[in-house]
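Have a look at the structure below before the remarks.
Letters A, B, C and D mark the chains as written, and numbering starts fresh at 1 in each.
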Amino acid sequence: MDARQRPKPTGIVLKPMRRTGKQLARTLILGKPNTVLYPEEKLDLPQIYRGKHVLDFKKCIGCGNCVLVCPNDCMWLEKVEDPELGKIERPGVDLGRCLFCGFCAEVCPTVALHMTTEFELADRDRDNLRLGPLDIRDDSFGETFIEERQKRLVPVLDLSKCTDCEMCAGECPEMCIAMMPIENTDRKKPEMNLAKCLSHGKCAEACPEKALTMTEVYESYFDMSEPDLVLEKCSGCGACARKCPSEAIYMLEMPGTEKTLKGGKKGKPKKRAVFVLEKCVGCGRCHKACRFDAIDMPGVRK
Amino acid sequence: MSEGSERDSTGVVGIEKAPSRIGENPENRVLRALAESFPRTVSGGTQLRPGVIRARVDRSDLYSACRTLRDDLGFEHLTMISAVDYEDRFEIVYHITSYQSRLLIELISTAPKDDPVVDSVSSVWGGANWQERESYDLMGIVFNSHPKLERILLPKDVLYHPLRKDFRG
Amino acid sequence: MNLFEFCHGIIHWLVDLVNNLWYWLGDFLPWYFGDLFTAIGDFAASEGHLLFMTVLVESVVIIVVALINVLNFLWIFRKLSGRILDFYGPYYVGYRIGGWLQNLADGVKLFTKEIITPTKADRLGFLLAPVIFVGSSVTILAVIPLSANFGLSTTSEPGEYVSAGALFALAAFSIAPFAILLAGWSSNNKYTLIGGMRSAAQMMSYEIPLLLAAASVFLLAGSFNFVDIVDAQHDMWFFIPLFIGFVVFLICLIAEVEIIPFDLPEAEAELVEGWTTEYGGMRFGLFYMTTAVRSYAGGALATAFFLGGWQGPWFVPDEIWFLIKAYIVYTVFMWLTWSVPRVRIDQMLVFGWRRLLPLAVLNLLIAAALKSGGWL
Amino acid sequence: MAEMWINMGPQHPMTHGLWNLRVKIDGETIVAAEPEVGYLHRGIEKICEARTYPQIIPIADRLCYGSSLTWSHLYCLTIEDLMDVEVPERAEYIRVMAIEMQRIASHLMWLAAYAGDLGLAVGFTYTMRDREVLVDLLQALTGSRLTYNYPRIGGVAHDLPPDFERDTIRAVQYMEMRLKEYEDLFDGSKIFMMRNVGIGILRKEDGINLGVTGPSLRASGVDYDLRKDMPYSVYPEMDFEVATHEDGDCYARYRVRMDEMWESCRIIRQALQKMPKGRWRIVAPRNAPAGTGLGRVEDPRGEAVMYAVGDGTDRPYRLKIRSPIFVTVSAAPKILVGYKLADVVAIMGGLDMCIGENDR
């Protein structure tokens, strides 16, 4: 109750007239009312203002997470040809349906999609509001933009080099690496609890085969669904690895999956898809590409 | 309205009337009073959180349970009526607040799919009037003895209840 | 030289010029043409025709000046509203003269709009209402002089103007409610009907204090003539002895010109646009313009009655003094308008009958006492 | 004059949205009133059933154009209750601060509309001008001016921008200065008092029985504020008072909202002082378990409640939204009858209609 005094309802019209008179005198003397003369002056917009989209073609990996997360279905992936990048898929946006919620920029795993402060988007033709990837392309925007999301160093495992030596698990100061057996195979692999990881990099230094490398990943706040391999169904065709935009899948021969041939001899080990979940962006393209339904992804429709 | 002042006093008296055990918190007291008044129809009384309790009531005793809640236990504010379309039943959920003991009770009543009828409580709480109309409009729950059970949000001539799960636009 | 002499001189000169032309032309033509021309020339040079033409030209000059005044008024209204309400007001149209041309642009826009008459409206009344409203309001301007030399006079004698000009102005001022009632009723719309009814009640109850306050001025001045009234204020402006009357007069004027504390007939929050709801296009534009005309007339009446008319130091012409005072009265109106909300109709009527009427009567008594005591 | 029905709406300056109030008047006195709503029904509850949990946040923003942050916050509270997510403490403080800013902005918008209704154009422009200060702050915080899309399930979207504390303190000081000016403009005006005192009296018993909540009920003398009585977020840490008034008329409703703005200024200062360092967001799970979640907040218009039913997938099975103004407007006939036609704008304006949340 310190700053607050209940006003006494007094005065006929003189009190309000004093206030408006002050205002009149102020605007007449200063000659400048509070209004912003819009087309000539504009408001200062903060950097996080959500206006028109821009896309950095070089950073974008074409995963389509922005399309997945869009509440209004106003984004789509489009095939474009670029002289440098070749045949690629990049998102376009229909500003006529966009809510400007900013989820697409927030979910982008490589921070390639931004929203600018440009808000003058009105047009006479609705078709002009449908912006393809080339319309929103701006490869240099990211340099002027301070991304709020932090980059983070996480250890990424190359399973083909791993020898199950457990050196990394012993070195981790946070005790966040545990050796877990891979199902249906004879192998084990280190599993990282990334929530506890503080990016010391001790595990990568300790690895004798250099199978662990520290890679920079942007923090993600969206719980995207993760792929899960059904080993019996996997044929080893590698379609998922070819489709993966973030190179999080590679094919590897798995010891322990050999079929027992006649006479007790063992055949060649099968190739199986291996997921690097640290790199996975959860776009679900492997799930869509798999013809054998070997990849489970809850919540992603085919 | 003399009824209002009367209700204020009876609410307090009602809580005092129930013989309180030492250390019994108000949530349990309300649940016990409700279960004692309607031993056969009120079930599943639980405390969800401090200040929030839940009970299920059969739809045959819904009206009298609500009367008891308002008149004897001091729940004088009907916060919300929501209808949920489950696969096998409709659930009509009443959230009722007490301004005196600062409690919220979640009273759940069910109705079968083929007969979505419950008693109206709009004579108990005037605020239920439009909320019941809304439930009727969007979910198709029929409230018995409602003063004016008409569509409220949708036009008068639509034939469907859009919040039902079998509704396909 | 006053306006009459000025116009008379011009007309005289023109008639002489044309007559010379006629006579010169008649010399070259057969005799009957010459006689005809002579007759026409004699008629043109006759005193009655000269007087008629003079008054006609005088009226046109006065109306043109008044309408330019109205544009000024609307500009001041919009600019001042803008400054009080913390925005710019008219800005781009006529950028160098502070957006003065905005009203002309709005007028042109309103001219291009379709004029709609509702199907079930009473067509005659619907058509007649703007005519009466605009006509009666513009008529007020005819008798309000800007100075002792700038007004509608019947003779060349300065000071002899329409002898009951003030009375005529007040009478013309109070015709408008009939037009409003007619407009409200003939539009066949509930909002306009309520607006019209409110207007009738409002005008009726505020007319009486207005006239009583004006009557005290007439009593002190001893005349209904504007020039006499202003001359009577040579020693002391009337708002000092008749301060109560001045305040009552201003309040009643606010009610008469329907601006915000008393704009109940067109209270846009509850009655959409009141009695003008069904009018569109230039008909609405006329109403809008006429509101400014009435505001100007009100300011001018207050100036002439209480603020010493065109009296002021010599370095500014009399006409400018008069306009400045009228504008200041209007500015105070605007200032009050934007500072207070709108009252309710019953409160307003109670205020009119129970507060203003006794005050006006008291003021009249004071004036009578002053006059009979010989102090003024 | 005989009795006649007048349609105030759907296109009428009084409605501030799209609804219809049919009043029956005898002369200028109201003898009956009948609100009709539903013109802005967008089926948000049904839309939500087809969206994943995060995708609903921007849609919850669209419920009310006056205080969108409150609704997305309420949605996040509900889903956090459903999912059992613990929110970082810093996020809670940021939320409380942002919501109180939103509350001031919403009340200022109400005051602007109210003043405009009563014919006080100065009240409209001054309050909207000062609301701009808060909107600018919220824009710097959230990145948008009207539909903020700021709270997230498990935190808030961004941390405070640089210099935000300084700007906020300045804005609060500015607001306190301005609130005094409004009190001169409104309370100091005889005509404003004439239009408000004793108009639209809602008695305590009627208010409780008809389900009126929020400032309109507190103006009738019921000391009930969810921030105090069923605290959520970090409101227990805050020191503030619940503004109440005994009279139950339009002036009381105006007074309660003005006092709430003072209290909100206090809460903003305290939230800034007590705000801890740390994370402002955690990753929420994608799917909600089967069960129910309930969120209740004190909206600027009253008690806003959401009831979510989860079924184990990433989309809600049912999301019921309780709009405070939907119930309040159903009590309007009770308040209106007996007053003058011109009081309709004062009474309905004083209830703070928001059709976006009313029709959903």
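Going forward, a contact is a pair of C-beta atoms (placed from the backbone, for glycine too) under 8 Å apart; a residue touches a chain by one contact, two chains touch by 3 or more.
All values derive from a computational prediction rather than experimental measurement.
Averaging C-alpha coordinates per chain places the centre of subunit B 67 Å away from that of subunit C. Centres computed as Cα averages put subunit A at a distance of 45 Å from subunit B.
One finds 48 Å separating the Cα centroids of subunit C and subunit D. Spacing of subunit B relative to subunit D, judged by their CA centroids, is 25 angstrom. Residues of subunit A found to touch two or more other chains are 13, 16, 19-20, 23, 34. Shared interface positions of subunit C, i.e. residues touching 2 or more other chains, are given as 84, 86-87, 261, 338-340. The touch graph of these protein chains has some other shape, matching none of line, ring, star or complete. Contact between chains, as defined at the top, is found for A-C, A-D, B-D, C-D.
Against subunit A, the residues of subunit C that register as touching in their complex are 80, 82-84, 86-88, 91, 261, 335-336, 338-340.
Note for the complex: subunit D touches subunit C at residues 1, 4, 6, 8, 12-14, 28, 115-126, 129, 185, 189, 191-192, 194-195, 340-345.
Listed in rising order, the residues of subunit B touching subunit D in the complex are 1, 3-5, 7, 51-52, 76-80, 82-85, 93, 95, 99, 102, 104, 106, 125-131, 134, 138, 151-155, 162-163.
Listing the residues of subunit D that touch subunit B in their complex gives 37-38, 41, 43, 45-46, 203-206, 208-213, 222, 224, 229-230, 294, 296, 303, 305, 307, 309, 317-318, 320, 322, 326-327, 330-331, 334, 359-360. Across the interface of their complex, subunit A is touched by residues 51-52, 54-59, 122, 126, 129, 136, 139-140, 142-144, 147, 149, 152, 155, 157-159, 161, 176, 181, 183-191, 193, 241, 259, 262, 265, 281, 283-287, 313-314 of subunit D.
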